[in-house]
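Pasting the structures in now, so scroll down.
Shared chain: chain A. Partners: chain B in the first complex, chain C in the second.
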Partner chain A sequence: MGYVNRRNRTIAGVFLLPTVAVLFLTTIYPMLYALYLSFRNYDLAKPFIPRIFVGLANFQEVLTSGPFMHSMWITFKLMAVTLTFQFVIGVGLALLVTQRLPGMAAIRTLLLIPMMISPVIVGLVWLFIYFPELGYLNYFIGLIGINPIPWITSTQWALTAIAIADIWQWTPFVMMGTAAALQSLSPEPYEAALIDGNSRIDVFLYVTLPQLKPVLISLLFLRAIDAFKIYDIIFVLTKGGPGDATETIALYIYRQSFTFWRMGVGAAASFVSLIIISVLITLFFKSMQKSAVAR
Partner chain B sequence: MNKISTRQATFVYIVTGIILIIFMIPIYLILASSLKPSADMFSRPPTVFFTPTLQHYVDLFTLRPFHQNILNSLIVTLGSTAFSVTVGSLGAFALSRIRHPRINDAAFWILSMRMFPPIAVVVPYYIIFKSVGLLDTPLALIIVYSTANIPLTVWLMKGFFDEVPEALEEAAQVDGYGIVEIFYRITLPLAAPGLAVCAVFCFIFSWNEFLFALMLTGSSAQTATVAVMSFWSSDAVQWGRIMAGSFIILIPGVIFVLTCQKWLVKGLTLGSVK
Partner chain C sequence: MASVSLTNVVKAFGAFKVVHGVDLDITDGEFVVLLGPSGCGKTTTLRMVAGLEDVSGGEICIAGEVINDRPPKDRKIAMVFQNYALYPHMTVRQNMEFALKPQKLSKAEVDAKIAGVAGMLGLDALLQRKPAQLSGGQRQRVAMARAMVRTPEVFLFDEPLSNLDAKLRTQVRMEIAKLHKQLGTTVIYVTHDQVEAMTLADKIVIMKDGYIEQIGSPEEVFAHPKNLFVATFIGSPSMNLFRMTVERGDKGPVLSSAAFTIAAPVDKSGKLTPGQAVTLGIRPSDVRLARAGEPGAIEARVEVVEYLGVEALVDLRVGTQEFIAQIPAGERPAPDETVKVVFNQAGLHLFDSESGQAL
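On to the complex of A and B.
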């Protein structure tokens, strides 16, 4: 028990009280309020109409009508594409920047910059790059003979355009995490494997990768949690459009709540998304505990 | 890592060099476009050598009240950082010192509070703040940002407090110190670097935030990120101003990367990577 005896434990509880009280008021209470709204018909444009109890009608609309399921599909499709690229490029980069060569530390530092930039700024600079008629990207791909691509104005390309911006911002995160993990591994197994005459690729696949696995899984869940919430970049680039081509769950909730003023439906969709993200969060914590035990 | 040959080193430099250039292009574009005269903004071929102008920066502060937006951002950011680090480090100390089989669950529960999608709670916040008259005030954003900053501080500071040897605190207790005195005279000074790390993370998060700032502020409490977005209007896009504003906003993040890279891993991976 150490020096923290019964009396001190009570005081330790007092230390914890402000955190719990603030979080309850500012997080749990709004969530419960969202739950309350999700059972009501609440039109924010007409605040004087009573908020009628509508039972599970909002949930029924969210779960059985097309648009929410469509936004779920878009969200997971975007997540799958961005995470794949972020991990392939990020892990590859980590292997490169951890080589003991002069200048590598500086390169690695510069590569970290994108993820510290406000997502709204990321959206704006990519909007500048993709901009119809004027954007630099179409000019440069024109130089190598590719016809202009309607990056953000066609349903066919808009999601790709968003994915590229997100991959640009978050690949450094995967690189950073993987590089840190690589440097904490002990060098002996590689040296032994290389001396035994295995190729570098084999050494990576059978010696390095298994050791990196716990860290990569934690990073994967962290990225998945963030990807699930993606909002700012899409808001700037396409606002969910054209049509509903890039409408992720966050954009669906935004549109229901602040374009159609259907707060009840927005709240019901929010609640469904809270349940999904709780699953991802639980998986992240499990992976963290596992890697702590492995250590 | 093992030694590599000159040929392999050349390969490593070429590949990382190309990737580095690709990754730096958007950042270069922000800086270059913020200094380019509007006439050259989209010239073909792109002008690499142009006479830089500070006109867009001047416009930001004369034609637009961008200093007011920056001031709002600073009030919100510093307010939330101070509040979160104070409340969060108290909570972290408790979690670090209480011995209970389920204390880790409590820590995870607190951390999970920052992982929920902001969009899911923005409607309740909007309605609550509207009913108590806090819409479009810095205080509303200070409260909202603290819901993300406090859990992060609790989580990170717990790690720092765990490393302070309890023997020191026991010795102080023998000397007759109460637990509050032990906390701020002994434990907190020893974990001071942690406080700085948490403060920086809270600062960057609040400074960069957009969604809540967009929904919960109007003209008077508008922060810098929302203001920059507002320069984008369909009739005339002020790219020079957007880029000048963007560059100002990205400065704190870049300084952070260049100065405390060591802490970046810990903070951003929430300690899941050592």
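On to the complex of A and C.
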């Protein structure tokens, strides 16, 4: 290695050092510590008891426990429902706001607002809306003669309530990404289709949608990863309840670690969910590569 | 097949008029080229015929029916776009199938149509490819195939060759000419390239600033330009122009400038009055070197000589006036030489300097 190269490396190292240090303290060290904990029996309520090595016992408990499987089911159910609505409504709105109509720019900006609010605040806003006796929603549906619905206090409605809040917050994200993609499409094929007389539905299904596919896949995975770790809104609205009706994986981990103080089990559950997310991401990149090759 | 007629067609964007009352009759099977510099309204006119732009005033008829308010699909037209406008994610075959979809034909009919057109355009081997896997010339042929497969009554071409390189352009131009001969469908073709216009058109419509300057066959617009714009726009290199004044000569009127004086063309002499300001136009190909002792020769200094193989373009100067002569390469003089040239009498064009109209 020549002198210049060596010197460049030294300079690069100096500049990288702060980032590496921060990353190590906030991400790498906690992760390694969590990995260490996942093999130990560590009760935060009795910190003086030695942290005994328990092998894979924590993992075994997580993977065979009903509550974990239940949280997994809740997570994926919520994900399926919210993503479906977010994409159907989001793509629909994107088609609408990319029309050249007066006032569309303003409407587009307004529609983006939910996405810019912190999820905790979104949770609090919807808490006001869902509040059983004094909530806005029950007041308004009362006006049209519908009996009050126990939105966040019944096991029957709580997950729906959370789904609605999440859909409200994240549909704009899908809309924004799709609208940007729509605007980058060349207008000429649409004029060709107009002259050929293809119906609007055919044009959407056979011209627009296939061209949006790469962007939609990207948005879908970004949303899926986010939905997998959903936490804030649920924590504010129901804390995973009533019972375990809205307990997603993130809430299960939280409950194990900070309600039951079972740090080892919580850490093991974290790693299981990390593996699931990693598989999702790998699948995502595989499919992206495939669609890139196909084009 | 169908005739097309435009009657006083106007296009305005708000208060801004871009097409000012265009009148044009296209007979069945005719190949009409709308020619003009960019911004002259030719593409807007074509898009109005296609139905991609609303008509602000006047009437457009196809096959005798007013189609102003008909959607594009009901106009029996097909269009080939400058950027091909192919569906990027579909194969060549799927592009054609999609164009046929609204006609709700049977699978066998669709296959037969595609096979026919693909054969005609030499696309058989490319049917399973996607546009990204094709060259520019192939894409252009696919765009034409997609238009042809619908067997429209009128073809609209919007600068179809401008994205191709020079060699391909010549090749595809010939293919278009051949196809028109074969199909006999009415064509409206927009271009800014006069060579395309001259080679393809039965009738050229020269436009400028939203007005039609002249309509005529390629021969007509070349040999008898109606005004200075057409005279200089058609022909390459473009026509030489000289500002002259009409004066009384011994044998009828003469045209004179500070640099030289020549006899006015005999057939125009009746229209000239002494003192009138006129512009004399002469194509470079109508300027030749004078024979020894030839009367009426003009002495000029050679500035630059461009050798083109068969011919040479000679930049000449008389006083402050520069002009070009297109002569056989073998006769070309050397730069800085002084030569004598004569103007071919039949090639003299006279225009009123004020109105720019031909006399």
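Methods note: the second predicted complex is superposed on the first by the 258 of 295 C-alpha atoms of A that agree within 3 Å, B and C clash if a C-alpha of one lies under 4 Å from a C-alpha of the other, contacts with A are read in each partner's own complex, and residues count from 1 in each chain.
The definition used in the following text is that contacts are C-beta pairs under 8 Å (C-beta built on N, C-alpha and C of every residue); 3 or more make two chains touch, one makes a residue touch a chain.
Values in this document were obtained by computation on a predicted structure and should not be read as measured data.
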More chain A residues in contact - chain B or chain C: B
Touched partner set for A:232, first chain B, second chain C, both or neither: first
Touched partner set for A:121, first chain B, second chain C, both or neither: first
Contacts of A:274 with chain B and chain C, given as first, second, both or neither: first
First (chain B), second (chain C), both or neither touched by A:211: second
Contacts of A:194 with chain B and chain C, given as first, second, both or neither: both
First (chain B), second (chain C), both or neither touched by A:139: first
Those residues of chain A which chain B touches in one complex and chain C touches in the other: 191, 194, 295
Interface residues, chain A side, partner chain B - complex: 1-4, 8-9, 11-16, 18-20, 22-23, 26-27, 29-31, 33-34, 37, 44, 89, 93, 96-101, 103-104, 107, 109-122, 124-129, 134, 136, 139, 168, 171-173, 176-177, 180-181, 184, 187, 190-191, 194, 215, 218-219, 222, 225, 228-229, 231-232, 235-236, 249-250, 253-254, 257-258, 263, 266-267, 270-271, 273-274, 277-278, 281, 284-285, 287-289, 291, 295
Residue numbers on chain A that touch chain C, as the complex places them: 186, 188-189, 191-199, 202, 206-207, 210-211, 213, 295
Chain A-touching residues of chain C, taken from the complex the two chains share: 50-52, 71-75, 77-79, 81, 83-90, 98-99, 101-103, 130, 132, 146, 150
Contact footprint of chain A on chain B as seen in their complex: 1-2, 4, 9, 12-13, 15-17, 19-20, 23-24, 26-27, 29-30, 33, 41-42, 44-46, 87-88, 90-91, 93-95, 97-99, 104, 108, 110, 112-113, 115-125, 127-128, 143-144, 146-147, 150-151, 154, 166, 169-170, 173, 178-180, 183, 204, 207-211, 215, 225, 228-229, 232, 239, 242-243, 246, 249-250, 253-254, 256-258, 261, 264-265, 268-274
